[in-house]
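Scroll down for the structure; my scribbles are underneath it.
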Amino acid sequence: MNMHNNHLYQTLQRIQAGSMEIDEAYRQLEMLPYENLGFARLDHHRAVRDNFPEVIYCEGKSVEQITEVFKHLAQQNHSVIGTRVAESQFRAVKECLPDVQYNPTARLLFLQRASVATIGKAAVITAGTADIPVAEEAALCMEIMGAEVARIFDVGVAGIHRVIDVIPQLNEVRVVIVVAGMEGALASVVGGLTKRPVIAVPTSVGYGASFKGLAALLAMLNSCASGVGVVNIDNGYGAAALAVAILNSFNG
Amino acid sequence: MNMHNNHLYQTLQRIQAGSMEIDEAYRQLEMLPYENLGFARLDHHRAVRDNFPEVIYCEGKSVEQITEVFKHLAQQNHSVIGTRVAESQFRAVKECLPDVQYNPTARLLFLQRASVATIGKAAVITAGTADIPVAEEAALCMEIMGAEVARIFDVGVAGIHRVIDVIPQLNEVRVVIVVAGMEGALASVVGGLTKRPVIAVPTSVGYGASFKGLAALLAMLNSCASGVGVVNIDNGYGAAALAVAILNSFNG
Amino acid sequence: MNMHNNHLYQTLQRIQAGSMEIDEAYRQLEMLPYENLGFARLDHHRAVRDNFPEVIYCEGKSVEQITEVFKHLAQQNHSVIGTRVAESQFRAVKECLPDVQYNPTARLLFLQRASVATIGKAAVITAGTADIPVAEEAALCMEIMGAEVARIFDVGVAGIHRVIDVIPQLNEVRVVIVVAGMEGALASVVGGLTKRPVIAVPTSVGYGASFKGLAALLAMLNSCASGVGVVNIDNGYGAAALAVAILNSFNG
Amino acid sequence: MNMHNNHLYQTLQRIQAGSMEIDEAYRQLEMLPYENLGFARLDHHRAVRDNFPEVIYCEGKSVEQITEVFKHLAQQNHSVIGTRVAESQFRAVKECLPDVQYNPTARLLFLQRASVATIGKAAVITAGTADIPVAEEAALCMEIMGAEVARIFDVGVAGIHRVIDVIPQLNEVRVVIVVAGMEGALASVVGGLTKRPVIAVPTSVGYGASFKGLAALLAMLNSCASGVGVVNIDNGYGAAALAVAILNSFNG
Amino acid sequence: MNMHNNHLYQTLQRIQAGSMEIDEAYRQLEMLPYENLGFARLDHHRAVRDNFPEVIYCEGKSVEQITEVFKHLAQQNHSVIGTRVAESQFRAVKECLPDVQYNPTARLLFLQRASVATIGKAAVITAGTADIPVAEEAALCMEIMGAEVARIFDVGVAGIHRVIDVIPQLNEVRVVIVVAGMEGALASVVGGLTKRPVIAVPTSVGYGASFKGLAALLAMLNSCASGVGVVNIDNGYGAAALAVAILNSFNG
Amino acid sequence: MNMHNNHLYQTLQRIQAGSMEIDEAYRQLEMLPYENLGFARLDHHRAVRDNFPEVIYCEGKSVEQITEVFKHLAQQNHSVIGTRVAESQFRAVKECLPDVQYNPTARLLFLQRASVATIGKAAVITAGTADIPVAEEAALCMEIMGAEVARIFDVGVAGIHRVIDVIPQLNEVRVVIVVAGMEGALASVVGGLTKRPVIAVPTSVGYGASFKGLAALLAMLNSCASGVGVVNIDNGYGAAALAVAILNSFNG
Amino acid sequence: MNMHNNHLYQTLQRIQAGSMEIDEAYRQLEMLPYENLGFARLDHHRAVRDNFPEVIYCEGKSVEQITEVFKHLAQQNHSVIGTRVAESQFRAVKECLPDVQYNPTARLLFLQRASVATIGKAAVITAGTADIPVAEEAALCMEIMGAEVARIFDVGVAGIHRVIDVIPQLNEVRVVIVVAGMEGALASVVGGLTKRPVIAVPTSVGYGASFKGLAALLAMLNSCASGVGVVNIDNGYGAAALAVAILNSFNG
Amino acid sequence: MNMHNNHLYQTLQRIQAGSMEIDEAYRQLEMLPYENLGFARLDHHRAVRDNFPEVIYCEGKSVEQITEVFKHLAQQNHSVIGTRVAESQFRAVKECLPDVQYNPTARLLFLQRASVATIGKAAVITAGTADIPVAEEAALCMEIMGAEVARIFDVGVAGIHRVIDVIPQLNEVRVVIVVAGMEGALASVVGGLTKRPVIAVPTSVGYGASFKGLAALLAMLNSCASGVGVVNIDNGYGAAALAVAILNSFNG
């Protein structure tokens, strides 16, 4: 019989013996609670476990579904975020939830009913201007979660002096998000110039043999620089979530 | 004229005016020094800038090249690491550099002439036993750089209780490396159970439609869990470098 | 001369000899009958042979073609199903066939003129809410064919407790359909927690490196759990057909 | 508070109240037990949960690892199976475990210390003779697990009469495994001719644009016949596991 | 000096010597004539050399360009064909060229000012009804070129008796075009049942892992049947061109 | 009731009525005969139906299997061919079958116990010398089947004059096989210069972005010339089979 | 200490010693200047360094962004170019910048306020008429930069005589751009017929297995002709930039 | 009648009229001469037309074939080059051709019987030491053809100061070849820092998601820097051929 089972068995014995309170046992043994809406199961403890509230991926969801999920999550969370939201969806949701906010560049829908504690500094750097929507999704998500964010846009490697120029800014933050499409070389160059952890976000910016971001994705995965982790193509939120996890890693 | 150029111009003016020492200016203006071996340019400042010494990718290098590089780097660094080194290469290099060490599972060659300061705790978790070589490359690299590493092997998601059982261990570290081949689902499950940053390493373990690690790579990039960054297939060192960057991010 | 030919030859001899009725021989020898509409050949015996009536794949078919096929099939079948039908197509067909029904989530058009015998229990489980249309296609097809279906939606692996919570429900059915996009890890986790046969349906839910369902497809094919069979991306009907074949396998 | 937590809480309350035995609670609450060998975690309850004992994927494992795992599993299981085992590995393992058996065509290593109950009939059909190793892996695995297996080899669709000839044999079993490389068309043809569930195994037999089994895999996933589930390329064991799950699905 | 040059040199010598007429030499030496419209170079001798007149690929061409090309080609050819023409393009062209004809299923625009000699019999067979537009493009092109065409539609391999039923029809023609999407298995089955040359046309019919016809294309290239040649996805015209080349191969 | 079934029913009625002989009915109704070796089912009627005897794909077959198959086929066929045969396999088979022949360039093993009737002329043209093994497989297969073959090697498009020089030779045959690796452009150039049907064989000659023949395969499928059909990469036999089907198409 | 650092140090020493002017040092040491618009960083020295002004990739940029960038660049450059500009974008920009010009075929927006010096001759050759937009983008960009351009359109390899006919024209220029979709064979044929450097531009013209230009791209990369460099699919501007770099390479 | 034919016709008329010498006409009209070795057709005029002698791709050629080709080419050329030659092949060829030379790093076999005129300066720059074999193939080929070559190795972008340091060297040459594997970012960085034409050679250096050079290839094709042309993966010779074409473009 292994330790895991012993732990369970002993907990049960302690309860039986009266040497442990049910609430203490419950706290130890319970799996995390959630709420069943029928079409969605909401995880109210996500913020504790994952740093982030349940972020809603809204592509392909109806306005009714988004509104319902936001309402339920808003009852137990200070912050709720919806990604990939069209402006028309925002307007429809706002009729039911007047305090919902929207950023059209980032395509983020969010509720923020209380201020959050500051968790540290991060930077978001893009290779081009077409990468800004993805970068803004990352930056705004991080800000909602409490990070202080430096935005540094349009510093592609074809003008390497622009990159070198911003390195001092990068060295003042704890984590750097690099957003680039086309050949995605910015991740390698930045990775070689800073000792901070680098989160690389390939974007679908480009055409032809960029294959909707595949070229940048492969380049970033093969980066010759150390300390670079990669997230999905156009996944600004995913980069933000990792950055916040890093920042929070030292806050407890 | 932009700030960057102003800074340069003003520095030059200060030197001319005698209000700044050449050495101070030099420190500010120089690019990082390196040494040219002809076939390789060694970067002696890498450790300062990048947390890691110049780690030598040894696949396709001759024993002579590896030995030469190790000798030069060892003169100015406390730690030198070579990755993807065959046992026969190790034996040949050891004749010239007797204090070089080798780990056959991780296929790492390394020199460590001084103890390093502890930088924090990390965990490496694998889905199967066939993933251990990649995991060991990650774990040993982190240890050489000063991290304390928990190794947790063979906890595939097909036996989910094994994963749940080790979550307490994961919550004691600051960063988690997940190493998995086949369908790579462990990254998502671990990512959902811990709030620590997760670095996912797909491995080439599998056959057929694993396409030498592509299936695991794509799965990890599409992880539904938050806070997951991905490195190249079988790139244990790359995961270690990112983990160390994260750990060091709070040490200054 | 092999057995096959012997069988044929002997049957012919028996007819010649008068020891077998033509109708008996005909039943044994005939290939299955079908009807030629010109643009489509309808297979009226499909229900007997394949558990399922000829299910019409309606994408790219005109309203006239769909109506014509439904009319002919309805003359000799109790149930007829059309998949991937737009609401506008349904409305046009309904004018000619007033008793045709439509489910807009599943995009299924169907006729059911008699109740069917119950064939057993199945479950359909999805990782997210965006997977529901594919899941509903599977669930409704199974119900039309006589299965009793448990729908369990939005139990992604990032909240593993949700999955564990529904395992008892899965153990009450004879076959489980898992519907998941993104990294498709749910198939492995469910496959490891139930001993029932698992039919995995990758969906095109996701973006970037999901490559329209390829990531989930590869993950499911490489599942480290045993007892998992995979169907085409978004192929809810295909999963239903396999599930019904399994359920019917023990009904004769 | 949701049902899941209620169940846990109530169980704890019942123990505290003395209205439930610890052993009953333990049985309900424990996760499945396993044993930690350091490099591998063995799951002794797998047979109960999954129909199959823990089957060891031996590619890339050392002889020592295989032997160790077999020894431990053999203490608590009647049957142990190792897949993708080279003949040289078998000979080395046999020195420590004399009653281990080996099938060189299927490349299976197995221990069978007790007879198993019969669970039903299955068929394995191949398109060519080069597909036989994969088919034999499937067939032998099923036999070790208690199935009665009909082997029907070399019935490619280019000679369609061969396929038609064996249909009566297929209709006598409860599940059919189709093994085919090249264009993999046999799955569609068999799927159209039998109402039994069909498990399709693409093989890497072929060259050029077969892309090591990709052509057959895609063909099988796109089968126009109903009731076909697909497993990984060359994954005979995976097909057997699904077939056994189907057969066992009606044994309780 | 090689034969080629000798031939040229000798021709020149014969002209100089007066032993060959300029016109004879010209006929031998000229490359084929064409006409330069600026945006297109029309090849008036194509019909002689290639069996087919210059067939215009109209996707991405303006109505003006199509009309201009048709006008010029019509001056020197009896038949002109445009492929992939939208109905709106046809209507615009018809205003300038009233005798132009259009087939909306095949999306073919064509002029036929004289009857053509019969060149032989061909058959076009499809797996489904959704493959008919591609099949019709092939059939109509062949008819314009003088072939007699049997259309046999909707005979997918999931109902193998339908295929067997039409084999006698296939054996009456000289060349068979098989049009199929999804898994494309019809090419193999037909290829195994007829000794006629088979031209396989994969179509983009399908979804998910059909990858817009890739699955059918790979299947057809890997056909286990002999005597199968493949053309591009959805390339009905290409199949017709090859079939006509085969038919003409014996007419001179 | 359709014609097919009527035909069967009427045949049975005629036998019963005594108006048709069993042997006549048997001839009409039987599927084609074959012989079951256990590991392989030999199709003795293939030559009649398919122009070609059953050609044995020998990759992955044991010497015993090849010998057994050759022996059985040789009893009922004049010609037997094995493709992809290593020289060592040939030597082993020759010990049992002394009159077997071998061509090391084409890697063909064959038996030819009677001369065959001439069926017509074909040409095989290669882009480079590295394509010769595939070309020789095609040429020799065609010769064994009765074709007269012109071999024209190393006429790549980078020296277009070489191609133009051989066009007269191509116009003397009825079908042309073009064998090319790298960018596969020869198929388009030859297709534009001859009106004969062109069978294009991409080869795996090349490196890097040739992706083992994929570049040539795609190029040939997209040929801008008319009348080009494509077979699998390196499939010289497949091209020969199609060419022979074309040649035989006019011999009855 | 390496040469690089010596150079820097010595420069600083010379300034301190008064033996070098600040302006001279500044000129040597400065990185290239640029201007920060917030959403874009404009590089005013690009023309000096790169032959080309900063060319604006306008896909996905707003009319406001394009106008802003054009205004700023126009202040310090004689020529400004925007690529992939829709006609509607042009009209909106023209309201603010009345002297902006637009070419609808090339989809180029440009300002040219001074005549440029002639830099040499180039040719652009296309395989088909559908390739003209990409070719025109290349040709017009080169003309704006000072090149004299010969346009040679619709000379596909299926009519090889057309290609041979234009070779003399190609030999009169210094660099040749070949634009082709489908199988992209024109690059190989032209590369074999001219000794000039050839820049190959694959286009997305085609369908099915052209995979949006992949077939042409791979063909061009595998060209058997020497002296061919490839740019991205549909990247007319990229080809022009390389051609201008070649022409300028000999102008200083 | 077009100009091309007029030219031919007029030439013939002039010969007939005696106003042109046969030799002059012959020179104008002949296609380029070549020699037929049976397995290879040698192009003796290649050096005139293409700058380069016929370079022999030796992979897959026998020692006999290589020797034969070298012998014939050496009779009419001053320089002959064989690429991808193993050392063992060199030793065997050297026995017949004692003055043949070999470079084991570049794997080049070559004959150089006369000195060549200098054609200009080029540079070859690599990202890593593992890229040196490909770079050396390019450098040595260029030197044999008359170029003066600067070799600059191991200047990866992760140490951007190394790249900046060598820019002055790059500005002294007329064309730059960039050789890089992994993420291939060096091409973009160099392309942004020099105005010279850049030829990018992706290498297969890397592992996992480098997919044997695909990542670097895609990155280079998507380079955000202007003036970059790409050749096949590992194709050092191809880059050299393009560079020499560029250098020669201004020599006549």
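When the chains are written out, they are named A, B, C, D, E, F, G and H in that same order, and each has its own residue count from 1.
The working rule: a contact is a pair of C-beta atoms (placed from the backbone, for glycine too) under 8 Å apart; a residue touches a chain by one contact, two chains touch by 3 or more.
What you are looking at is a predicted structure, and each value in this text was computed from that prediction instead of being measured.
Engineer: Once the contact rule is applied, which chains count as partners of both chain D and chain H?
Structural biologist: A, B, E, F
Engineer: Considering A-D alongside A-B, which chain pair is linked by more C-beta pairs in contact?
Structural biologist: A-B
Engineer: Interface check for copies chain F and chain H. Shared numbers divided by all numbers used: above half gives same, below half gives different; which is it?
Structural biologist: Comparing the two copies, chain F and chain H contact each other through largely different residue numbers, since under half are shared.
Engineer: Measuring between Cα centroids, what's the chain most distant from chain D?
Structural biologist: Ranked by distance of C-alpha centres from chain D, the top chain is G.
Engineer: Chain B to chain C: how many Å between their CA centres?
Structural biologist: Distance between chain centres, rounded to whole Å: 48 Å.
Engineer: When the centre of a chain is set as the mean of its C-alpha atoms, what distance in Å lies between chain A and chain C?
Structural biologist: The computed centroid separation for chain A versus chain C comes out at 38 Å.
Engineer: Where the centres are mean C-alpha positions, what is the separation of chain E from chain F, in Å?
Structural biologist: 23
Engineer: Which chain G residues touch at least two other chains?
Structural biologist: 4, 31, 34, 128, 159-161, 164-165, 192-193, 208-210, 214, 217, 221-222, 225-226, 232-233
Engineer: Who touches whom among the chains?
Structural biologist: Applying the touch criterion to every chain pair yields A-B, A-C, A-D, A-G, A-H, B-C, B-D, B-G, B-H, C-D, C-E, C-F, D-E, D-F, E-F, E-G, E-H, F-G, F-H, G-H.
Engineer: Please output the residues of chain E touching chain H within their complex, sorted ascending.
Structural biologist: Interface residues on the chain E side: 1-2, 4-5, 8-9, 12-13, 15-16, 18, 22, 25-26, 29-31, 33-36.
Engineer: Where on chain B is chain A touching in the complex?
Structural biologist: 2, 4, 48-52, 55, 161, 165, 174-175, 192-199, 217, 221-222, 225-233, 238, 241-242, 244-246, 248-250
Engineer: Under the definition above, what is the set of chain E residues touching chain G in their complex?
Structural biologist: 31-32, 34, 38-41, 43, 46, 57, 59-61, 65, 84, 202, 204, 212-214, 217, 232-235
Engineer: Using the touch definition up top, name the residues of chain D that touch chain E in the complex.
Structural biologist: Residues in contact with chain E: 127-128, 156-160, 163-164, 182-185, 187-189, 191-193, 206, 208-211, 214-216, 218-226.
Engineer: Over in the complex, which chain F residues touch chain H? Could you list them?
Structural biologist: Its residues touching chain H are 128-130, 132, 153-155, 159-162, 164-165, 205, 207-210.
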